[in-house]
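In what follows, subunit A forms one complex with subunit B and a second complex with subunit C.
So, the complex of A and B:
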């Protein structure tokens, strides 16, 4: 899904029925904002990729540009490296 | 740190939870007439009264515009500034229509406020007792009731 980084609102999504898009968008953008504050405070710059490993799946997020956050929800068995490469490729291509 | 105050005690916990989850700075729960049921973050009565009057007036205006457009009532309104945003929405409860005015800063977002507003409505509807039968307002009780409401809203 594509999320407005500042607003936490969904721009576009393709989700399974049981995934609450608006909740994921709002919380993922808030998480990205806070992690961004933490990493900037630590002097390591803005985060390029977030990987949240949960008990029943994973949530990954990467800024597509300064305004848009790309968020992927996947099963635990997903190849996160491949997802990361694809997301960074899309970000580099400017969506 | 600011606290949450309520004229009707059942409104306090849901508002407190909403403030904590949505990371809002100020919030008012009121009737469409601008009568405040609960507030968080306001320190002065005059600010609460101004915010309630303005919030109720905005909802009243947008409801009138919706009628002109033959639309059902608008559900929520969001204005975002550089440092603050305001969220204004109405919902139906066992005690009739209620309005929420929330003010949030850069630590929150319209998405978060909207998300936790939906939970807040569920909590309020669950906590809210049925409407009391209307009673006659007596002039001699008015000042006493007004003072009690102000005390409840500011914890004095």
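So, the complex of A and C:
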């Protein structure tokens, strides 16, 4: 899923049918913004990668550029390290 | 007492210049006849302006009448005339206690007892104030506002371990940047609502209960975890600490935070 970082609107997605894309985009964007502000304030700089770990799955996000946030939702068994590498590679290459 | 007042009144009537006005005024004051006491004291002071006990008497009558400011002025005048006047020292001690200035009150009573250590009313007043001061000190010690050292002895506690409640208020720990700036309050404020937002996101995606949130930043990493309720543990370290190790450190910090929250009944 690609989300507008500023307003949390969906730009493009490929989600399962039962996933409410708009709500997820808004929440992920808002969460990234809040945590990003805390991280910057703590002196660790702007977020490059974000990983929400839950009991039944994960949500990972990475800024594709200053305007767009990439969001991936996966099962808990997913190889987060691999997903991270792919996302950072895409971010580096530019969309 | 009524007879005393009559006898004293008769005596004063016989000799208006007598200092018996002091005993009569005091007897009337004790009886609660404040208007009569005031008249006697005022008349006596007009005849004997240099009698310091007259000012002391008038001041006590004024205190009983609730006129504390004029009473203070009278006692201060009396002390200018005699710095060791015990009644005035005691009176001012009472007034300062009444104003909540315990230090000043104690100072005046200590001066009063130095004049006459056998005066039981001053001894008792001083003991009372000393007890009040001791209790106050004990209360202040109990209400020590020093932040709890929940994360004592933990790696990175000097750089950034913070326990924050759901409203963005720091509960323990702190965050300091590499240049020494204290960012505790700022980070805590940004974290307000993060727990609820993470919870909503997880619920919306059917991901179950959220457990941690890791952020890789340009020059460091952050680990956030749920400490119970909406409280969060925030842990920040430089990039030299891999996120896996950060997770282990966070786990220790989380254990300490949960134990402290439980101890607080939160």
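To be clear about the criterion, the second predicted complex is superposed on the first by the 95 of 95 C-alpha atoms of A that agree within 3 Å, B and C clash if a C-alpha of one lies under 4 Å from a C-alpha of the other, contacts with A are read in each partner's own complex, and residues count from 1 in each chain.
Keep in mind that, in the parts below, contacts are C-beta pairs under 8 Å (C-beta built on N, C-alpha and C of every residue); 3 or more make two chains touch, one makes a residue touch a chain.
Since the structure is predicted, the reported quantities are computational estimates derived from the model, not experimental observations.
Between subunit B and subunit C, it is C that contacts the larger number of residues in subunit A.
Of the two partner chains, subunit B is the only one that A:9 touches; subunit C does not reach it. In the superposition on chain A, A:27 makes contact with both subunit B and subunit C. When both complexes are overlaid on chain A, the residue A:56 reaches subunit C alone and has no touch with subunit B. Once the two complexes are laid over each other on the shared chain, residue contacts for A:82 go to neither subunit B nor subunit C. In the superposition on chain A, contact of A:48 is made with subunit C only, not with subunit B. Judged by the touch definition given at the top, the superposed model places A:93 against neither subunit B nor subunit C. In the superposition on chain A, the residues of subunit A contacted by subunit B and by subunit C overlap at 23, 27, 30. On the subunit A side of its complex with subunit B, the touching residues are 3-4, 6-9, 22-23, 25-27, 29-30, 33. Those residues of subunit C whose C-beta lies close enough to touch subunit A in the complex are 160, 175, 177-179, 181, 183, 186-187, 190-191, 193-194, 197-198, 200-202, 204-222, 224, 234, 236, 238. The residues of subunit B lying in touch with subunit A in their complex are 23, 80, 107-112, 114-115. Within the complex, the subunit A residues that touch subunit C are 18-20, 23-24, 27-28, 30-31, 34-59, 73.
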